[in-house]
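Encoded as structure tokens, here's the structure I'll be asking about.
Labels run A, B, C and D following the written order; every chain starts at residue 1.
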């Protein structure tokens, strides 16, 4: 297999993880701006793309043309660029592409569990906690989680969340993401953490994910590498591989 | 509908919950040792049984004969008594019986999520926390959770949990339930709490359930009452109704 | 001893706690609007006041005149009303009055520990969690905690808390209380909870208090009742009795 | 100042921390087996010792003779070796030595707060959580914490902790350290974590410390370096410097 963006932080971590995996062989490690022909020439069956938003879509189309399966962790994909890949794959029936915004198994499971639990609880809120050098609040993961919870509540015809607050200091009740409150904590020493709190009269369910290091993404990347060849077409999100039913 | 064991702690809580539910009508509240004929005479379609282990199986067979659906929360059921109900229901094709050891939605979800997550993590342990008047350790819920986790790991062909401990004070590493470590905390002020910790290199997933009051069982009981009539045969466990797929 | 406001929720809980304490004798239980002469006539040495803001200051001055020690948990005291009691006690040298906004030992300790720890950490934030019927956010306890933390940081000449946020949804970063961020979660099933998170590079200290029931105030009330007679003058805050040095 | 054991994991982290501190100057970095004369020749006023148990006591006596203040983080000190240093310092009245088993401010504060809170709670238990490569259970920190809690309870004449357990799987209730239950969790992904749970009827106080990285020891080491010169004699434990009163 091949790694694109092999000199980057995520890419180099993937290179080491592949080298440590006895069932995988690394045949090409390509820096972000090198030519992709090396991937095909080396005979790679699967490529992992952790490059940059401006390069990733071009990489995918080029390697799909060459019959190489792809696992894509680069950010910047939207509905339009995903649709173009889906169309392209319709003409290449044996090729599989998996695009996922998050490869940490625990984070993906936390989000999936929160969405499934949401319809059974009267209340739900999200707290995300990160290091204080982060520039955006809430985190993308927390926004996705809150949106998925809101969609699950809407599908179950649940009404607005109970909240009797009438006197509030500005900001105390957090940000409103599709009607779900999200609180962003910034604390030196933390990395990336998310907590979903669900409550009914007399009980609470808490789902928490702690990410301490980017090595936590490797089991998810390797899982995708091993499965993408047997999943033709476009797959979006690692949760599709996790057999949660 | 009818409540059996209506004078008990759980039964009386169910009586109040049914009275507060606009779509349900209570037609009979039967104490543990009263005659069941009142249930049939009152025209109940569904009965909830929170009686005692010595009475519950007899109640179920008598009401199945009368064509009444049952939701059973009484403890003491085993594989043999469940098999006898399943056989009986084979002769009464329209009747449904649901037996569940736990009606707290959050506790049931916590256990289901832990079992589904277990195969994706290298490590897992269970901590349960209760008031210090509890006589058994670990709790039944924690034992069930650990067994379900162990079964999921075995199904995924995972090996023993990593543990380099060579010097240990007796008891420090908890109890061994099917190879999964379970720790029992007893603390004044607590009610019933369970925490499942799952770990991979660089990340942790935590699933926690807090039960503060037995009113937390009511949404699960009412859900079962509303669905049992459309689920003929024997259903074991509330998770079957929770649409987790 | 005597209880003022004995028919109220807190007052009646105090009455039961005093009746259960072998070393204390209840000689008068006075409803909010009854005459205080019964306290003096009954020979009470100590009175506990859980009445209403409009009555409490009058009660205190009347009983100080009668030489009765007081433990006051009624809200509504400010610097001016406290100063008037202090002045009055200067003329009654043997009499003690303790006014405290919170009698939960754990809550008082959490706040005291957070203030003492604050100067040793680069980051600190406060999360408070309550049931969704609460009308104000943040809670008074959380505001006091944040102010005490801010004062401790200022005394240690620490600068502003690190926070690189440049893009934020409105409210995500919580309320600003003297420069300390406070987040208010509202969730069905909760009672009253507070968490203080302190962070340095590579480590986190978390102090959390959970209040499940107003019986948690009783050990603090009884402690104050037993000590107030040997602490002449005005004492503000239960932490003064807790021997934290 | 000088660092002894400068090539070790802790020593090299101290070297970097000193180099980053504008008010401190590193004049000697000595490997574990080099001659100490370089420390004196370089004019160091303070030395930090992170060497090995077999060397540390000799280092301390040699540098005390030379009038150098010492901050010692090496393990292996006991009452006898500490007494020998105290005796030696009686003859060198201007010299200060600080020996501490733990330099993580948060861990030291957690232990100090737990000991101070213990007398006010009916129940207390300790949970420590580490990576699964750790060979001993419970951790030394958890044992010290439990012992300090037990001493505080004894000093307050509190009786045994409430525990009605009569049926238990072996190990479920944890290890007994001076009558306090300690539970050891081992989980991939964790580093070093400790949680002290204290409970009364209706309330819980939780104090938790998370150590993610050995950089968390540096603020404590630098604090000791800056203060040891003005604390003649022997000081045991970083908490002596933390102004907790």
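The rule we apply is simple: a residue touches a chain if its C-beta (ideal position, glycine included) is under 8 Å from a C-beta of that chain, and two chains touch if they have at least 3 such contacts.
The chain list, named the UniProt way, goes like this: A, B, C, D = 4-hydroxy-tetrahydrodipicolinate reductase.
Fair warning: this is a prediction, and the values are worked out from it, not measured in the lab.
Chains making contact with chain A as well as with chain D: B, C. The equivalent interface to A-C, defined as the listed pair sharing over half of its contact pairs by residue number with it, is B-D out of B-D, A-D or B-C. Two copies of one chain, chain B and chain D, form a contact in which over half of the residue numbers belong to both partners.
Note: centroid distance chain B to chain C, computed from Cα atoms, is 40 Å. Chain B and chain D, compared by their mean Cα positions, are separated by 45 Å.
Computed centre separation for the pair chain A/chain B is 33 angstrom, with centres defined by C-alpha atoms. Shared contact sites, meaning residues of chain B that touch two or more other chains, fall at 121, 189, 198, 200-204, 210, 212, 216.
The touching residues of chain C, counted against chain D in their complex, run 104-107, 109-110, 113, 116-117, 120-121, 198, 200-219, 242-245.
By the touch criterion stated above, chain C contacts chain B in their complex at residues 189, 191, 210, 212, 216.
Listing the residues of chain D that touch chain B in their complex gives 121-125, 127, 129, 132-138, 161-177, 181-190, 197-204.
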